Amino acid sequence: MSTQTSTRSARDVALHCGGVLRGDGAARVGGVSSIESANEGDVVFAADDARLKKALESRASLVMTGEFGANVQSSKPILIASDPKLAFARVAALFSRAERRVGHDESAQIHLSAKVGEETWIGPGVVVENGVGIGNRSSIEANSVVGADTVIGEDCRIGPNVTIHPGTKLGNRVVVQAGTVLGSTGFGYARDNAGHYHLFPQVGRLIIEDDVEIGANCTVDRGALDATVIRRGTKLDNMVHVGHNVEIGEDVVIAAQTGISGSARIGSGAIVGGQVGIGEHSEVKEGVILGGQSGVLNKKVLRGKGIVFWGTPARPLKDYLKELAALSRLTRKKEE
Amino acid sequence: MSTQTSTRSARDVALHCGGVLRGDGAARVGGVSSIESANEGDVVFAADDARLKKALESRASLVMTGEFGANVQSSKPILIASDPKLAFARVAALFSRAERRVGHDESAQIHLSAKVGEETWIGPGVVVENGVGIGNRSSIEANSVVGADTVIGEDCRIGPNVTIHPGTKLGNRVVVQAGTVLGSTGFGYARDNAGHYHLFPQVGRLIIEDDVEIGANCTVDRGALDATVIRRGTKLDNMVHVGHNVEIGEDVVIAAQTGISGSARIGSGAIVGGQVGIGEHSEVKEGVILGGQSGVLNKKVLRGKGIVFWGTPARPLKDYLKELAALSRLTRKKEE
Amino acid sequence: MSTQTSTRSARDVALHCGGVLRGDGAARVGGVSSIESANEGDVVFAADDARLKKALESRASLVMTGEFGANVQSSKPILIASDPKLAFARVAALFSRAERRVGHDESAQIHLSAKVGEETWIGPGVVVENGVGIGNRSSIEANSVVGADTVIGEDCRIGPNVTIHPGTKLGNRVVVQAGTVLGSTGFGYARDNAGHYHLFPQVGRLIIEDDVEIGANCTVDRGALDATVIRRGTKLDNMVHVGHNVEIGEDVVIAAQTGISGSARIGSGAIVGGQVGIGEHSEVKEGVILGGQSGVLNKKVLRGKGIVFWGTPARPLKDYLKELAALSRLTRKKEE
C-alpha cells in the first residue's frame, strides 16, 4: 500500500483551467481546501468579496475567484476565471486523481480468473468474483462485492459496502459511492389466477458508460431481458432508484431520492429534481427539466429542451403556477 | 464450493408450466435468457411477432410465446401459452433454483451454536451469530450479517451486504436483495418537558412469511413491543421502508421508495405504487390500489377491492381526476 | 468478548424515572419486554386497561402504566407515571446501556494509529483506518468501515454495514443504524459550455453532535467547503437524505425518506414528516412542523413555532385544507 501525491505550479494550474494568473506562477500547490482549513500548498475558492478577503489572509498558496476580484491587491497568487466554480472543479479533479492507494489488502478475495490492472487498489474484505476485469488505476473500497464477469474500466472509484451484481459493465472514470447496489433484480412479476406473483426473468444486464457518477445508497436494476443503460457523463445523487430496462442519456443530472420506473427513457441533458417519480414506459425527452417531487405518468412523453415541468401529473411550470394561484384565489373569494 | 446445474426436456418444461408444445419434445434446455444473448440450451420469450421471428432465428433451444404464435412454422420447438409471461416466469424459477453454490467460504464467521442446513451457501465475510438457524438450500451472499437467534427457512436467498437484526424470522423461499436492513430499530420517541426525545423500547421482532421477496436497500423495522409482519407471497421493490408494528397481508406488491409508517396495515392483494406514503395507524384494506406518490393520512381507512386511490390525501381516482380537470378549467376561464 | 448484564431493584427504577411505585420495591428487574414475551425480571408497559390486565397476569416482575391504573389491585409491583411512555423509554435506556459486548473480533482491521477507548466493541470485518479515535464504551458492528481521522465519542453505537467517510466527527451517545453512509460526497457540479458536469470540490466535513440517532440506510453528505452539521439530540428515521452544508438544529425529528437539499437549515425543535422534500438554501425555522410529503421550495423561509405546513409548495395547513375543500366543492358544483 502506498499513497501517491504530487504538486504543480500555479502556472500549471492556470494552464489547466484557463484563467488569468496574477502573482507568483512558480508557487507550488497540491490540493484544494476550504478557506478555513487551508494550509500551505492548498488552492482555495472565494465566491464573493468577503470570502476573497479571508482567502487572501489564509495560509492557502493560491486563490481562485471570479472577475469581481480582478483589481484586488495581494502578494498571494490569484487566479481569475470567468466561471470560477467550474475552474475550481477542474483543479480539484486534477489533484484528486493524484491521491490514491495502490495494491490490495490481504483480506480481499480476488478470484484467480479476475484480471486486475495496474495501480489499482482493492480494499479489505472486498470480494472480486470469477471473470471480473478491473482497469488501471481503479479502486474498490472495503467490504464491497463485485459479482462474476463484471467489467470495471480505468480510473473508477467504487466506495465501501457497494454491491455490483454479475455481468455489470462500467466504463472509465465511473464513481460509485458507498452502499449503492448495481445490477439488482428488477421488479417484474406475472400474476396467476390465484393472485400469486411470479418473478418474470431478470436476466438482462446493466451498462454504465464513462464518467457516470452515482451517489450513496442508490439502486440500479439490471434489465429483465435486455439492458439497463446509463450513458456518458450522467450524475445521480444519493438514493436514486433506477428500474429495469431504463435508458438514461448523456449528461443527465438526477437529484436525491428520485425513482425511475421500468423501461422509462430519459433524454440527454435532462435535469431531474429530487423525489421525482417517473412512470413505466414514460419518456422524458432531451433537455427537459423536472421540478422536485413531480410525477410523470406511465407511458407519458414530456418534451421541450429547457422547458420546466412540475407537479403530479407533471405539467408545464407556468400552467401549474396558474393553477396554484387560481386555487388560492378561490379560497379567498369564499371568505369574502 | 460447487455449482449445480441441470437440464430438462422441452416436454418437461411444458408439463411444468401448462402450455402447448410444438416440435421436438426431447430438446434439452437448462435456463432462460434474452433473445439477443441466447445460446444452445436456453429458453427465450417472444412478446410479439417481431420478437418471435428473432427468437426463431436465435440459438435458443425453446421459444415461449402467446397464442398469436400458434400458426408460425419453425423447426425449433415452440411452447404456446395463454399467459406466456407467467409461463416464462415459471420456467425461470425452475432453473434458477437449480443454479447455486454449496458450502461456505473460509472467511465466513459462523457461530458454533448456529444450525446450518444442507446444501446451503454462506459467502465470504458473512457473519452468522449465535443461535441462528438456516434452512436447507438457503444462501447468504458476501459480507451480510445475520444477528443472533434469527431463523431463516429453506430455499432463501439473502444477497450481499444485507443486515438482519437479532430474532428475525424468515419463512421459506424468501428473497432479500443486497443492502437491505431487516429488523432495524423503529422510530418511536417520547418527548420530555425539556423537548428532548427518548427512544421508546423497540424490543419486538420481525416476521417474514414464505415467498416474500424484498428488493435492494430496503429497511424493515422490527416491532416496538409486538411484531412487524409481512405475510406470504408479498413483494417489495427497492428502497421500500416498513415501520415498526406494520402488518402487510398476503400477495401485496409495493413499488420502489414507498414508505409505510408505524402500525399501518395493508390488506392482502393490495397494489401500492412507487413513492407512496402511508400514515401511522392507517389501513389500506384488501385489494385496494394506490397510485404512485399518493399519501394516506394517519389513521385513515381506505377500502374497496380493485378501487384505485390517488393523490394526497389519497382519494378515489375518479374524484381526483375531476379535481384536476376543474382546476385546469379554472385557469383557462381566467385567461379568457 | 463478554456480555455485561446487571439488575436493579424496582425501587431503583422508580427513582430513575420518577413514578410512584406500589408493591415490592426489592423486586429485581434487568430489562424491558413486550407483555407477550415477558419473563421473570422484565419490566413491561401497559397502555390501557386491557393491556394492564394482561401485564399483571404475565411473568413480568414490574408493570409500568399511567394514572388510570392507580386503583388496580395486584400482588405484582406497579409503577404509575404521569407520562408512562416517557418513563418506560427511560427505563429501557437504563438497561440497554448495560448490555454490550467488549473487545474486538480478530478479523477487524484496526490501524495501529487508531486510538480505541475502554470497553469498546469492534465487530468482525470492521475496518478502522488511520488516525481514528473511538471513545469508551462505543461499539461498531460487523463489516462497517470507519474512514481515516474520524472521531467517534463515548457510548456510541454504530450498526453493521455502515460507512463513515474520513474526517467525520461524532459526539457522545450517537446511534447510527445499519447501512447508513456518513460523510459521502455531496451533489454539486459545475457545467461547462459543452454541457458536461464537473464535480465541485467536496472537501468539507460532517459533524454530528451528542445524542443524535440516525436510522438505517440514511445518507448524510459532508460539506463542500464547510461542514454539514447535525446538532444535539436530533433523530433521523430510516432512509433520510441530508445534503452537503445542511445544518440541522437540536432536538429535531425527521421521519423516513425525507430529503434535505444542500445548504438548507432546519431550526431546533422542528418536526418533519416522512417523504418531505426541503429545497436548497431554504430555512425551516425553530419549531416548525412539516406534514408528510410536503415540499419546501429552494430559498424559501418557513417560520412559526408549532405552525403546521403542508403540501407542495408547503403552506400553512389551514390554507391547504381550505384549498382542498374548495377544489372538492368545485367538482360537486360542476356535477349539479
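Order of writing sets the labels: A, B and C. Residues in every chain begin at 1.
Definition applied: a contact is a pair of C-beta atoms (placed from the backbone, for glycine too) under 8 Å apart; a residue touches a chain by one contact, two chains touch by 3 or more.
Treat the numbers as computed from the prediction; the structure is a model and nothing was measured.
> Counting residue numbers used by both copies over all numbers at the interface, does the chain B-chain C contact come out same (over half shared) or different (under half)?
Here the answer is different, because the shared fraction of interface numbers falls below one half.
> Just send me the rotation angle from a CA overlay of chain A on chain C, rounded to the nearest 5 degrees.
120
> Report, in whole Å, the distance between the mean C-alpha point of chain B and the mean C-alpha point of chain C.
Chain centres of chain B and chain C, defined by C-alpha means, are spaced 28 Å apart.
> Please output the residue numbers of chain C that touch at least 2 other chains, ranges allowed.
Residues 107, 125, 143, 161, 179, 217, 239, 257, 275, 293, 327, 330.
> Within the complex, which stretch of chain C touches chain A?
My answer: residues 107, 109, 125, 127, 143, 145, 161-163, 165, 179-181, 184-185, 187, 189-192, 195-201, 203-204, 217-219, 221, 223, 225-226, 239, 241, 243, 257, 259, 261, 275, 277, 279, 293, 295, 312-313, 319, 322-323, 326-327, 330.
> Considering the complex alone, what residue numbers of chain C touch chain B?
For this pair, the touching residues of chain C are 32-36, 45, 83, 85-86, 88-90, 92-93, 105, 107, 123-125, 141-143, 159-161, 175, 177-179, 211, 213, 215-217, 233, 235, 237-239, 251, 253, 255-257, 269, 274-275, 292-293, 311, 324, 327-328, 330-331, 334.
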